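In what follows, a structure is listed as structure tokens, so that the remarks can point back to it.
We call the chains A, B and C, going by the order they appear; numbering starts again at 1 in every chain.
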Amino acid sequence: MNSKKWDKVATGVLYFIAGIMILILAFLLIYILVNGLPHVSWHFLTSSAKSFQSGGGIGVQLFNSFYLLFLAMLISVPLSIGAGIYLSEYARKNWLTSLIRSSIDILSSLPSIVVGLFGFLVFSIQAGLGFSILSGALALTVFNLPLLTRNVEESLNTISESQREAGLALGLSKWETVLRVVIPEALPGIVTGMILGAGRVFGEAAALIYTAGQSAPPLDFANWNPFYIASPLNPLRPAETLAVHIWKINSEGIMPDASQVSAGASAVLIIAVLLFNFGARYISARVYRRMTGGQ
Amino acid sequence: MKNYTADDKYIKALDPNKHELAIYTDDLHVSYGSSEAIHGVSLAFERFKITALIGASGSGKSTYLRSLNRMNDNIDGTKVTGKIMYRGLDINGPGINVYEMRKHIGMVFQRPNPFSKSIYDNITFAPKRNGLKDKNKLDELVETTLKQAALWNQVKDDLHQSALALSGGQQQRLCIARAIAMKPDILLLDEPASALDPISTSTVEDTLLALKDDYTIIIVTHNMQQAARISDYTAFFHLGNALEFDETSNVFTNPKIQATEDYVSGRFG
Amino acid sequence: MHDQIKESLLKKSRATRSERRGKLISLFCTAIIILVVVSIFYFVASKGLATFFSNKVNVWDFLSKTVWNPGSTDSHGNPQAGAFPMIIGSFAVTLLSAIIATPFAIATAIFMTEISPTKGYKILQPVTELLVGIPSVVYGFIGLSVVVPFVRHTFGGTGFGILAGTFVLFVMILPTVTSMSVDALRAVPRYYREASLALGATRWQTIYKVVLRSATPGLATAVIFGMSRAFGEALAVQMVIGNAALLPHNLVSPASTLTSVLTMGMGNTVMGSVSNNALWSLALLLLLMSLIFNLIINRIAKKGEL
């Protein structure tokens, strides 16, 4: 066969494989949405789960997911910005810095189940937090920190050195320059990374099954006192999230409509991830426009 | 290119009794890592005059300029020895507040680097950080500095548009306005017109001549005509040494050493 | 003369204080991350090594024996902590899924960058990006409701096992490996392609002999990264693998992986017991494997630089 023919054959094969790839991916999305969306109703989204009967909802789990996400981001965003600034602005080129970078790399590549077990051991047992939102939020922070930090560092690195020099030459400290000049400019990248991180946290389950726990006691949405045991805000109550719920009902299988509930919950998860994705794109485009002053 | 050796006798010494010195260096060495970029330069700069630093690329003139307000601090592995005397103090000495020093020794860079903020915010940003909050005073500051930088008439109606929407020449003048908004003693300019078209260049030059009454200006340039047009003194840099320093007219019409003559007549560079 | 400027040069100012504070804050944040990394290693190692030091399990037995029942002892009085079935399970699903995913991912990446860089890229890029973000439990759920029944009907048995795990992981790592491969291919300078085409090579020859060759380190990194994700994935695999801590006879009999045993077992054992320590040894093994994957990726990156 000559090379022209080979070229045609290879191109055909590539088209074929890319086609299969699109089919697989499309199937995934369509399967989840088609099977899940019919089960999603206002009732499903707001009522609490039932263990042995059908007709339960995911209201508590949904709330837990958002609350955990909020707490985890509350801790990890400032920490990652601080560490990102250190790596991009202060760290000198030496063995210590490369050691720090390697540790962050290693942390980001750890299996999330290992992070979850570490959280179980340290936060739930040794710190006495038990299966609680707080323990879960800390585990999610550990899971989230390295990627957020890397993202902050990379976003800061894209900002031209001349911007820093401009600030320094005006007698501002490095820290002021970073905070008031460099970070505002790097904001689109930072915010995008944060939202994508939030999406990752929202769907995480393995880090949570032994930290935030696998049970969702009913909540009293009329009492928002964080010290009240059934208060939605109580950070010391166990809190099964949506993702953990999907895993739990599928591996225990005592719920009669487990597959319908999972399908609905999966659809909700996917839609949330979609929203995080679009949100990230939208916000970064908007912030970028505002920062550069274009109309 | 011939090898030229540095000799003190071609460096005009300014007598502190006759000339008011704004800043001077004594045997200044600057090195990055293991390679030395400046091999002991001693120059003095008179107050309210424009001094041009000329020389081929790699001659060390920019490095020298950047060490005058310690902008090289931010480059890992930079080492400075010798003295940089400003108001009786060595600015590299212990206990020197580098941020305070940079307020008085401002700098404008080769590429215009306005903040991605509005024109107004570019100018008021640093003064605000230093405690100037009065709206009227800020407005006044914006107006006077933009007028000094010959930019006011072009931008007075849209002070709140982004600085990035300005042309390159306008951006550079905004950077000059931003620098003088700090009311510095000394203004260092690192080839401020090299990225600009001829018309913008001449506007920037006019701006500098107008600023001379209030500021001591030290400018790095590779444009000999520019140096001749605007400066009172000229220092010729070559391979990390200042080879000749004198009043500009002397350097250009009657250079004492062959190297300077070769350079100003365009034989290398 | 009273020189105010001179005085101000010798005094600390707001900027000095802000710089000090800022440096401290950023250093503190970094220190926390380092502390977390160090304590993960410390805690997992101290728990995981207890099996060998306190409970006297032989390391070699742990790695090679096939009976996993750490609560009871064998004829020599040692706990039966043979992790070999899980090790085999983990490596099997990882290698098999990577073997299937690699050609798909690279071919799709070639399609996106070389064959149809505008249209194909525009469609596939957002889709892969989106799929990277799909939570692994969703993959597990689809595995349970689609893959397991499919395997049961086609190959018999329960449908649970290494084959189902492989399928699920294949789909799960596919988007990640694809998008990293795309990055690797896009990093190949355009003039390489132009030079090759100008010499009369066909498009396929250019792709095969020039583009793929110079992107090899990047593509290898993508695959190893995918493997490391597959190896560490817990819930999606646990849902479809069958959870039998036995040496698998074939690809469709229930099996287990390091992660699946950990997921199932940690809640059912008492902290400090032999069974619990043995589970931590599995976690330690996972930790070490993730280190090894990391090391390989670093090696490839270093080689690429030379």
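Note that in this section a contact is a pair of C-beta atoms (placed from the backbone, for glycine too) under 8 Å apart; a residue touches a chain by one contact, two chains touch by 3 or more.
Quick caveat: nothing in here was measured; it's all calculated off a predicted structure.
Taken as a graph of touching chains, this assembly is fully connected, with contact between every pair of chains. The chain pair with the larger count of C-beta pairs in contact, out of A-B and B-C, is A-B. In whole angstrom, the spacing between the mean C-alpha positions of chain A and chain C is 17.
The geometric centre of chain A is 49 Å away from that of chain B, both derived from CA atoms.
Centre-to-centre separation between chain B and chain C, using Cα means, comes to 53 Å.
Counting partner chains per residue, chain C shows two or more touched chains at residues 15-16, 19. Multi-chain contact residues of chain A (touching two or more other chains) are listed as 171-174, 176.
Contacts with at least two other chains are made by residues 99-101, 130 of chain B. Residues 3-4, 6-7, 10-11, 13-15, 17-18, 20-22, 24-26, 28-29, 31-32, 35, 78-83, 85-87, 89-90, 100, 102-107, 109-115, 117-118, 120-122, 125, 142, 145-146, 149, 171-176, 178-179, 196, 199-200, 202-206, 209-210, 214, 243-244, 246-247, 250-251, 259, 262-263, 266, 269-270, 273-274, 276-277 of chain A are the ones touching chain C in the complex.
Residues of chain C touching chain B in their complex: 3, 5-6, 8-16, 19. Taken together, the chain B residues at the contact with chain C in this complex read 86-89, 91, 95-97, 99-101, 104, 130-131, 185. Chain contact summary for the complex, chain C toward chain A: residues 15-16, 18-19, 21-23, 25-30, 32-34, 36-40, 43-44, 47, 103-104, 107-108, 110-112, 115-116, 120, 123-124, 127-131, 133-138, 140-142, 144-146, 171, 174-175, 178, 201-205, 207-208, 228, 231-235, 238-239, 259, 262-263, 266-267, 271, 280, 283, 286-287, 290-291, 293-294, 298. Taken together, the chain A residues at the contact with chain B in this complex read 92-93, 160, 162-174, 176, 180-181, 184-185, 291-294.
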